[in-house]
Amino acid sequence: MKNTTAVYPGTFDPFTRGHEDLVRRAVDMFDRIIVAVAASAGKGPLFSLDERVDIIAEVLQEFADRIEVTPFTGLLADFAHRRGANVMVRGLRAVTDFEYEMQMASINRKLAPDLETVFFTPTEQYTFLSASVVREIARFGGDVSAFVHPTVIARLQRKF
Amino acid sequence: MKNTTAVYPGTFDPFTRGHEDLVRRAVDMFDRIIVAVAASAGKGPLFSLDERVDIIAEVLQEFADRIEVTPFTGLLADFAHRRGANVMVRGLRAVTDFEYEMQMASINRKLAPDLETVFFTPTEQYTFLSASVVREIARFGGDVSAFVHPTVIARLQRKF
Amino acid sequence: MKNTTAVYPGTFDPFTRGHEDLVRRAVDMFDRIIVAVAASAGKGPLFSLDERVDIIAEVLQEFADRIEVTPFTGLLADFAHRRGANVMVRGLRAVTDFEYEMQMASINRKLAPDLETVFFTPTEQYTFLSASVVREIARFGGDVSAFVHPTVIARLQRKF
Amino acid sequence: MKNTTAVYPGTFDPFTRGHEDLVRRAVDMFDRIIVAVAASAGKGPLFSLDERVDIIAEVLQEFADRIEVTPFTGLLADFAHRRGANVMVRGLRAVTDFEYEMQMASINRKLAPDLETVFFTPTEQYTFLSASVVREIARFGGDVSAFVHPTVIARLQRKF
Amino acid sequence: MKNTTAVYPGTFDPFTRGHEDLVRRAVDMFDRIIVAVAASAGKGPLFSLDERVDIIAEVLQEFADRIEVTPFTGLLADFAHRRGANVMVRGLRAVTDFEYEMQMASINRKLAPDLETVFFTPTEQYTFLSASVVREIARFGGDVSAFVHPTVIARLQRKF
Amino acid sequence: MKNTTAVYPGTFDPFTRGHEDLVRRAVDMFDRIIVAVAASAGKGPLFSLDERVDIIAEVLQEFADRIEVTPFTGLLADFAHRRGANVMVRGLRAVTDFEYEMQMASINRKLAPDLETVFFTPTEQYTFLSASVVREIARFGGDVSAFVHPTVIARLQRKF
């Protein structure tokens, strides 16, 4: 039997139903998953890095024995190597995603030849869902309950 | 530990270095791989279905204990179900591929909810390689040795 | 108030839940819709042209006062002109669709300057649905009840 | 006869010949059009929000009885609902546009089920025209008279 | 000074205003251009290979000292090598084109390392023009005078 | 014989093996190439404009008689015109590139009708290489020696 550790990196600001859907699909394929939460590239994230790690751990608590949620900085290839991951998991929704992901998979293959990138596609209902859109709707006070877990809603309500 | 059986379907007319590269990437991620060879949709395939199964088995013989090569007809979702596969493996090279693959992954999810599709991307040197181009070059007597395994070359020479 | 007649052309082999969804979206925007059913370009259509016209009329019978279903041949621009249509309605699902549709909209604008093409997008659950996939599943005896109206299912059962 | 109010949202910094072309195509299809001008996301817009509203009203003054030009903030779905719009009008030029637009149409459908998004495509001569390119050329003092209405040119000359 | 011979391959069934536009752009960049006309892949071409060679020669007769029009079969890389061409010229209109062209350029680079592929883009008015659409309109008796040279029109009239 | 001067514009922060590959392909096709280095749009470039000009001149010194490296500001069409260039050279890697490049080629054709844009595609090994990715890896102290010339490496080491 294989021993596979997959890293699933992202900013997850916020963690959407689409991210959650991907983890639920991947959890039976790998022995262990590390959700690696990156600092936000944009100026004003909706949630701080710590809040995001907390939220994801709460949403995925039923898998706590197999899924670890942790912040990371630096190069993903280095992080994966340090943590013994041999698989990188990414979601693919759109053509624009696709080209960026092809580029990153190619670069990571050069930086970390033992780390293989595999892609999952979301259920249709999450095909057009993105964290940036959820963020924008939340900032205008719109209803995002169809897009995120109740844990995220509760945190948002404390914020606004 | 997981028990994962992946099906890798295709026409493989011929099996290229790109297909081979994908199998070599996937072989350590899953417990077992079934290479499922479909009848060719086009009129004049380069190799018959039997020849293609033979060629692939020969190219992948070092993995004979973990990889099975077999012809299939009918719906892939049914085939995967009968064979106990829980993963479908596909290669992604280009945007045009991508949309067709998204469509098939979505349809297969409806037909076989337990079968999860995951995508691999090829090494750059195989990004622009396709079986149809190899077929065309071979028919005009061009040199395809950079694109296929020596086993395929030997079979082609017997043909022409 | 405007007086708008929209033509919605297609092969509709078969008419899917995606096509039906589009018509339901368009029916309140235009005064009248003509569903124009083209002869199939492929060799073996699932349903004959007459059968397809019948099926669509049956599926859309609740709108019979505002929607006409009719076969057509020749240039769409000519057909639209003869029938007094000033709008062409098309569905957009994928990037590959998109470029073909841009091309056709551009050509039709040259052939029929008074005919304006507008595009609708399907509900997510139909984003990856296409008549060709339904056709293929039906031919292998797979279950297509999630993709088409019961009228189509009934007709298929009489066929196979 | 239908009673259709369409909202056409955008930043319009500046309003180009492509935007104008779209409005001229849409004006005969809907009873009323609201051009909804958003605050610019970027730091230094070419024209202030007020200037943009003025310019567009001037360019479209021949349709003043059927077209309203107004600033808006907040969620577009809310704005459309408050104003009784049942159609959202968007232009589609390129594949990159297309995916973003599919995403927004999908999200808006969830936020406002009664608001239907339809897409128009520009005349070929405006296919590659974008407000950001016009802005860049204008800033370097290049000639933008092929890309915008004389009203915009006049305003630019007062600026530089 | 460079000595450049460019080959411009295609089926050209028929030679459109878009093809002509590309040649007019390329003629001043290279010392010599060989328009290489391929046998049609489809069953029923509009014009025979000989007719197509004649038509193109007639349309481009003003450049007869620098442009040669000739049929070709077999591998393009071999043809280019035999004729001493060091440049391959291709037109790019759409994303779908683009991926196929990337693939061919990559394969040809492997088969003929001295042959460099360069791409031209058409004037906007020809962005959505394709030989297959012209062929379809011509077959239905539609007006193609905006899309092809009068020479092609004259030939079509003799045909129908 | 033609007299062709090509301008190859870019930010080149840093100049990658992909940029270098393109110049080596283009150098035999044109009489003269001007590498036009633009000020970086982003806030913190890896190298200053002067450094970038120096690096590129050093990397391409073997072609010093035919290639000039120079900074530029303002509109590219104006720059090309002032310098007597009749060709603009651009690299095409991905679909996302492609649409932006089509737009720029179209706009530049309007601003400078005598300047023809031609596109080159990179060797596969550089298909997924971009300056922004190199920049990011370099900032995290990752190994970029597969992606840039030793000259760039030496400069980076002096920096960090």
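Which chain is which? They are A, B, C, D, E and F, in the order written, and residues in each are numbered from 1.
Following the convention adopted for this analysis, contacts are C-beta pairs under 8 Å (C-beta built on N, C-alpha and C of every residue); 3 or more make two chains touch, one makes a residue touch a chain.
Note that the coordinates shown come from a computational prediction; the quantities given were computed from them, not determined experimentally.
*Asks:* Give me the step distance from chain C to chain D, shortest route via touching chains only.
*Replies:* Counted as steps through touching chains, the separation is 1.
*Asks:* Using only the C-alpha atoms, find the rotation that maps chain C onto chain F and quote its angle between 0 and 180 degrees, to the nearest 5.
*Replies:* 180
*Asks:* Looking only at C-beta pairs that count as contacts, which pair of chains has more of them, A-F or B-F?
*Replies:* A-F
*Asks:* With centres defined as the mean of C-alpha atoms, identify the chain lying farthest from chain E.
*Replies:* Chain centre farthest from chain E's centre: A.
*Asks:* If I list every residue number at the interface of chain D and chain E, are over half of them used by both copies, so same, or under half, so different?
*Replies:* Looking at both copies, the contact residues mostly coincide.
*Asks:* If you match contact pairs by residue number, which of D-E, C-D or D-F shares over half of them with B-E?
*Replies:* When the contact pairs of B-E are compared with those in D-E, C-D or D-F, D-F matches.
*Asks:* Give the label of the chain whose average Cα location is farthest from that of chain B.
*Replies:* With centres defined by C-alpha atoms, farthest from chain B sits D.
*Asks:* In whole angstrom, how far does the Cα centroid of chain A sit from the Cα centroid of chain D?
*Replies:* 34
*Asks:* List the centre-to-centre spacing of chain A and chain C in whole Å, with centres computed as mean CA coordinates.
*Replies:* Roughly 38 Å separates the two chain centres.
*Asks:* How far is the middle of chain A from the middle of chain B, if each middle is the mean of its Cα atoms, in Å?
*Replies:* From the centre of chain A to the centre of chain B is 29 Å.
*Asks:* Check each residue of chain C and list the ones that touch at least two other chains.
*Replies:* Residue numbers touching two or more other chains: 95-96, 99, 102, 105-106, 124, 127-128.
*Asks:* If I apply the definition of touch given earlier, which pairs of chains qualify?
*Replies:* Chain pairs that touch: A-B, A-C, A-D, A-F, B-C, B-E, B-F, C-D, C-E, D-E, D-F, E-F.
*Asks:* Quick check: in the complex, which residue numbers of chain C touch chain E?
*Replies:* 74-75, 77-78, 95-96, 99, 102-107, 110-111
*Asks:* Give every residue of chain A touching chain C within the complex, in rising order.
*Replies:* Residues 95, 124-125, 127-128 of chain A touch chain C in their complex.
*Asks:* Show me the residue ranges of chain F that touch chain A in the complex, using the header's touch definition.
*Replies:* 94-96, 127-130, 133, 137, 140-143, 146-147
*Asks:* Give every residue of chain F touching chain E within the complex, in rising order.
*Replies:* That would be residues 1-4, 25, 28-31, 86-87, 92, 95, 98-99, 101-102, 105-106, 109, 116-121, 123-124 of chain F.
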